[in-house]
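You will see subunit A twice below: alongside subunit B first, and alongside subunit C after that.
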Partner chain A sequence: MMIDALPLAVTLPLIGAFAVTVSPLHARGLGLMAAVLTAASALSVTAAVWSDGVLRADLGGWGVPLGIALEADGLSAAFLAMANVVALAVSVYAGGYFKQESARHFWPLWLLLWSALNGLFLAADLFNLYVTLELLGISAAALGALTGTREAVAANLRYLLVGLLGSMSYLLGVALIYAAYGVLDIGLVAEAIEPGPVAWTAMTLMIGGLILKAALFPMHFWLPPAHANAPAPVSAALSALVVKAAFYLALRLWLDVFAPVLNEAAANLLGILGAAAVVWGSWRALRAERLKLLAAYSTVAQMGYLFIAFPLLAATPPGLARDNLLAAVVLLALTHGFAKAGFFLAAGMVQKTAGHDRIDDLGGAAQALPAATFAIGLAGVALIGLPPSGTFLAKWVMLEQAMILGLWWWLIVMMVGTLLAAAYIFRVLSRAFNREPTPYRFVNDARTELPALLLGLIATFGLGIAAQPLWVLLEQGAFG
Partner chain B sequence: MTGQVLYAQLLYGGSGILLVLLGLWSFLVHGPLLRKLIAINLMGAGVFHILVAIGYRGIDTPPDPVPHALVLTGIVVAVSATALALAFGKRLDQDDD
Partner chain C sequence: MIRPLEHIIIPIGLIAVGGLLGWSFFLAVTGDTGERLAAVALARVPDSGVSNPVTSVLLNFRAYDTLLEFAVLLAALLGIWSLGAADTGFQPAASVLDGMVAGFVPLLILSAGYMLWVGAYAPGGAFQAGALLGSAGVMLALAGHRNAGLPSEGRLRILVALGVFVCAMTGLLLMVAGDGFLTYPPGLAKWLILLIETAATLAIGATLAAAYLGGRPTAHPTSGETT
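Up next, the complex of A and B:
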């Protein structure tokens, strides 16, 4: 009985998409119903994986290698649960956001996107993953252009073309895998694969295509305009879920398929690109003039953290430490999904009320929309990584592991990214609370301010990062 | 016989790789949407060529059905994506007028 929930999570939104297309007058009601049912079936999949372990369904009774199989393990169940809770929230928001005419266009595309998303998390073979990847890209680009403005259409046309290039690269990798091993099922490929030029080329093509879709620096150029110009609920879904799906797939391939062929150079390359994404994305977010553009650049940065995990994972030997690290990376991805979706939805509310989303003119937003501003603040806590957010825990584990491995340079990158994130979040909040636009000077009276700054830095970074000497000191007679 | 199969596979697969590279080059170099779209479809045709070559098992043996199924699905996806891109392009052209 529980196994039936696997195909339901993919087919329910598909049926819903069909229903809202046939009966556009009831698009909102039918769409919301499909959303609730889809989320319920997906969450029951996660619950079943939680209690019974890995689930698998061979559709139509066709087994490997011809049939279409769905499979849910812990990794897919975790992403599935996050995606469906976020998608349900986006659906409720969209129910109020889109009026008659635009609602008719939104719901079919949105449910198609949802179906592709759930399919991607559950697909068990490389080719079905390609199909869901393409469906996701096409429906995401169509949704992103829903406002019909010139900027939105141009940005999403670029997104569509980049996405096509990415999936073409992925498909070529799939073709290579099939030519070499004659199987497409993830489990079977993992058993058959062996290091060699074919496997390396396939890995480069597939992961390369996916990082294009995950907007990893320097292939992030398409993301900010596409995400910033979409309607708010669509921006939320694109930034929180669609790029995350590409990351999920890259992680899945990395862990399950290409594990025997991996080398440190490839992991380091991904990590370096991730580090560049953290710094560049955070910097551009800090300089952004519009709230949604800030959120979009923040997504570029946050995706960077996820890729910094690859060199750390590659350098950590299997065991408890590696399991913790993997859990931390997934936690980071899930937390960002919730936080960024919440941020975009609240930003959409601010934009709708104020009629614009220029950060410098947000004055009074906190008084006019306390809940939305509070939501931005809460999401900001998670984006920065302040305790007790999931990001804090995840970054903590990653930092700790980087220090244990002696890979301190990743630490610097993550600290810089965190500081910049704090700066861009507080910039939004300070404007929302009606402060003066910009400080005239950073330091006004060096003699009085520098000691204060220094003490603050010691309290935050000195004692936080370099607390170890205290233990050494206390060993001198203080520990019983 | 096997030599012949291998030769045919190399010929078709090799021209497929050539098509992919041509398409990729053209996609990256040319600006106009229509040229980019043709380029990406050319790349797709190249990948399909490779897949068909993988499925070939000689003139008397039925081909491997899996790559064929992949090509059929791939064509459907490519057509839909091309249609959406053309619709976007048309919208941009209308805005120019």
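Up next, the complex of A and C:
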């Protein structure tokens, strides 16, 4: 008997989705069970990569090029671990958040989305990645519309169409690569690819489709309404995980597939768009009237930082400095995943208690929920990039590298973004300390507040103080 | 009146993008490459348990893709269901349409069974068979049968998720048995493919018909089950 954790991490949520589809009355119990098992299998993948190095599974036993392989290296293992911890916290929160009728719809779609995420992080085949993108896009848009309001349905229909356009563009690029080189496995494509019009067009199509899905400025127009109108646990998953998956794939293609055909112009273009996203997203977050809209615009800005890394990576020669830079980018993405999920979960709690999420009127409601407010504060520390959060460390490495390279303009953008982030976070926190006597209890609803608090703690303390393991994990096949 | 943006700039831009794509595609197919995947796949078809190359790719070489595609279909239907209940449907048909439907639906079901079986060695298979079943459901819905001839909600839920379940369980059980995920043992391949395709045919047919209804099945007992 042999158990391979790689396919298990994708199939367990599928079996779970079947179970909750078939018995909607027990959706919560079965869903939570599937969530625990899925997270356990995915974390065991990360643990195995940590101890044994890169894992690979040839599904169907055919081997490449004929069959499909799953592969986990340090980069996939890091994202996989973050996604599954966040997804588990979201599941616990959702267990208390969704009642009867909405729970029936939430759980199957949520487990399908989770399966798509794990499949995407583990895939080693360009066409298989397209299928995971489709599953991810459809289940994400359906989940986002679960509140059933007109705004939510309209925003998520737009999200679905934008997502389809992105997947189609990606698929067109894959078709071009397959026509030219006759293979789909990432490793084999990387060996075969040569600079030329075919590779450049394919790269433009694929990365272009993915930055549409990752909501990089100016293709971010769909994100704020879709994320702000979704139910809180779904907003958390969309902002922390789904856009992050598109970024992961763009980074993976950039590093592993298109490395031989890259040029600095493309990297600079991504960086400029990222810089615009940082400034514009932070500014809109500062001006937002609603807490969830603020969080959604902050996601636009945080995705921008991740894309500023592309020109820095392109300008840094291979070696220790480049490895550190890559690890910093991954650390930034992971910290944002934890922080933004914690922020949205806590914001959902505040919204549920207050009955609205208008920032200017939040005073009393936020103060009555110390744990939720504390979680927002912790997540805020990580979003701004104050020490000891992972963001602080990551931004420090990126700033240092930008200075060494003499690319000072990225430095200015990141400083401006950080100041604006501090402004919009303190704008929220200042509303929490102005009214009402001291509350009676710190935790009011353990089921929904503790997951948010835990995610905030991981983002601020876990990833900041204990970032060293990430470097060790990324040594498994991601540096080079 | 000519609006420069709509009548000149956008069309020229689209033509330029199309030309660029066509040019790169031309370069891609005429370029010098090594062994193409299609040749490798064709050479291995005899080992796949079926002789139709399309089926051997979909259900054996790249069966994992197909598993996720079943999940995509399920996600699409669950998304439709989450948006609300189905409309009450069409009025019952008059005798001519009703008679035609009564004749066509059994034929479609029969053809679906044939398509499923023939997929092993000729064009056909689960997706085509499922499409025929789905069209039978659409016909019933158009002729005024509530729920397009689909069973009650409890059974319908099993039916639409069956493709994902059977395919994933087959994969997992083969892995537990020591063969590896979705790695069919020689000799059993044909039968396992048939098992997965049968489940997938039912799931695809039910999903397409249910998607056509455009909403969650209504709570009332079905009136369209008898044809």
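One rule holds in what follows: the second predicted complex is superposed on the first by the 429 of 480 C-alpha atoms of A that agree within 3 Å, B and C clash if a C-alpha of one lies under 4 Å from a C-alpha of the other, contacts with A are read in each partner's own complex, and residues count from 1 in each chain.
Heads up, the rule we're going with is that a residue touches a chain if its C-beta (ideal position, glycine included) is under 8 Å from a C-beta of that chain, and two chains touch if they have at least 3 such contacts.
Here the structure is a predicted model, which is why all the values come from computation and not from measurement.
Chemist: Which partner does A:354 reach: the first (subunit B), the second (subunit C), both, or neither?
Modeler: neither
Chemist: Identify the partner contact of A:24: answer first if only subunit B is touched, second if only subunit C is, both if each is, neither if none is.
Modeler: Second partner only.
Chemist: Output check: A:178 vs subunit B and subunit C. Expected answer is one of first, second, both, neither. What do you get?
Modeler: A:178 sits against subunit B and subunit C alike.
Chemist: With both complexes superposed on chain A, which partner does A:157 reach: first (subunit B), second (subunit C), both or neither?
Modeler: Only subunit B is touched by A:157; subunit C is not.
Chemist: Classify the contacts of A:61 with the two partner chains as first (subunit B alone), second (subunit C alone), both, or neither.
Modeler: Only subunit C is touched by A:61; subunit B is not.
Chemist: Taking the superposition on A as described, I'd like to know which of subunit B and subunit C A:416 touches: first, second, both or neither.
Modeler: neither
Chemist: Does subunit B (first) or subunit C (second) touch A:168, or do both, or does neither?
Modeler: first
Chemist: Which partner does A:386 reach: the first (subunit B), the second (subunit C), both, or neither?
Modeler: Touch status of A:386: no partner.
Chemist: In the overlaid three-chain picture, which partner chain does A:407 touch, first (subunit B) or second (subunit C), both, or neither?
Modeler: Neither partner.
Chemist: According to the contact criterion defined above, which of subunit B and subunit C contacts more residues of subunit A?
Modeler: When the residues of subunit A touched by each partner are counted, C comes out ahead.
Chemist: Please report the subunit A residues shared by its interface with subunit B and its interface with subunit C.
Modeler: On subunit A, the overlap between the subunit B and subunit C contacts is residues 65-66, 127, 131, 134-135, 138, 141-142, 145, 148, 153, 172, 178-179, 184.
Chemist: Using the touch rule from the top, collect the residues of subunit A that touch subunit C in their complex.
Modeler: Going by the criterion above, the answer is residues 1-4, 7-8, 10-11, 14-15, 17-18, 21-22, 24, 57-62, 65-68, 105, 108-109, 112-113, 115-116, 119, 127-128, 131-132, 134-135, 138-139, 141-142, 145-146, 148, 153, 172, 176-184, 192, 196-198, 201-202.
Chemist: For subunit B, which residues are in contact with subunit A within the complex?
Modeler: Touch list, subunit B to subunit A: 13, 20, 24, 27, 33, 36-37, 40, 43-44, 47, 50-51, 54, 65-67, 70, 73-74, 77, 80-81, 84-85, 88-89, 91-92, 95.
Chemist: Which of the residues in subunit A come into contact with subunit B in the complex?
Modeler: 65-66, 127, 130-131, 134-135, 137-138, 141-142, 145, 148, 150, 153-154, 156-157, 160-161, 164-165, 167-168, 171-172, 174-175, 178-179, 184
Chemist: Write out the stretch or stretches of subunit C touching subunit A in their complex.
Modeler: 20-21, 23-25, 27-29, 31, 33-38, 40-41, 44, 60-65, 67-69, 71-72, 74-76, 78-79, 81-84, 157-158, 160-161, 164-165, 168-169, 171-172, 175-184
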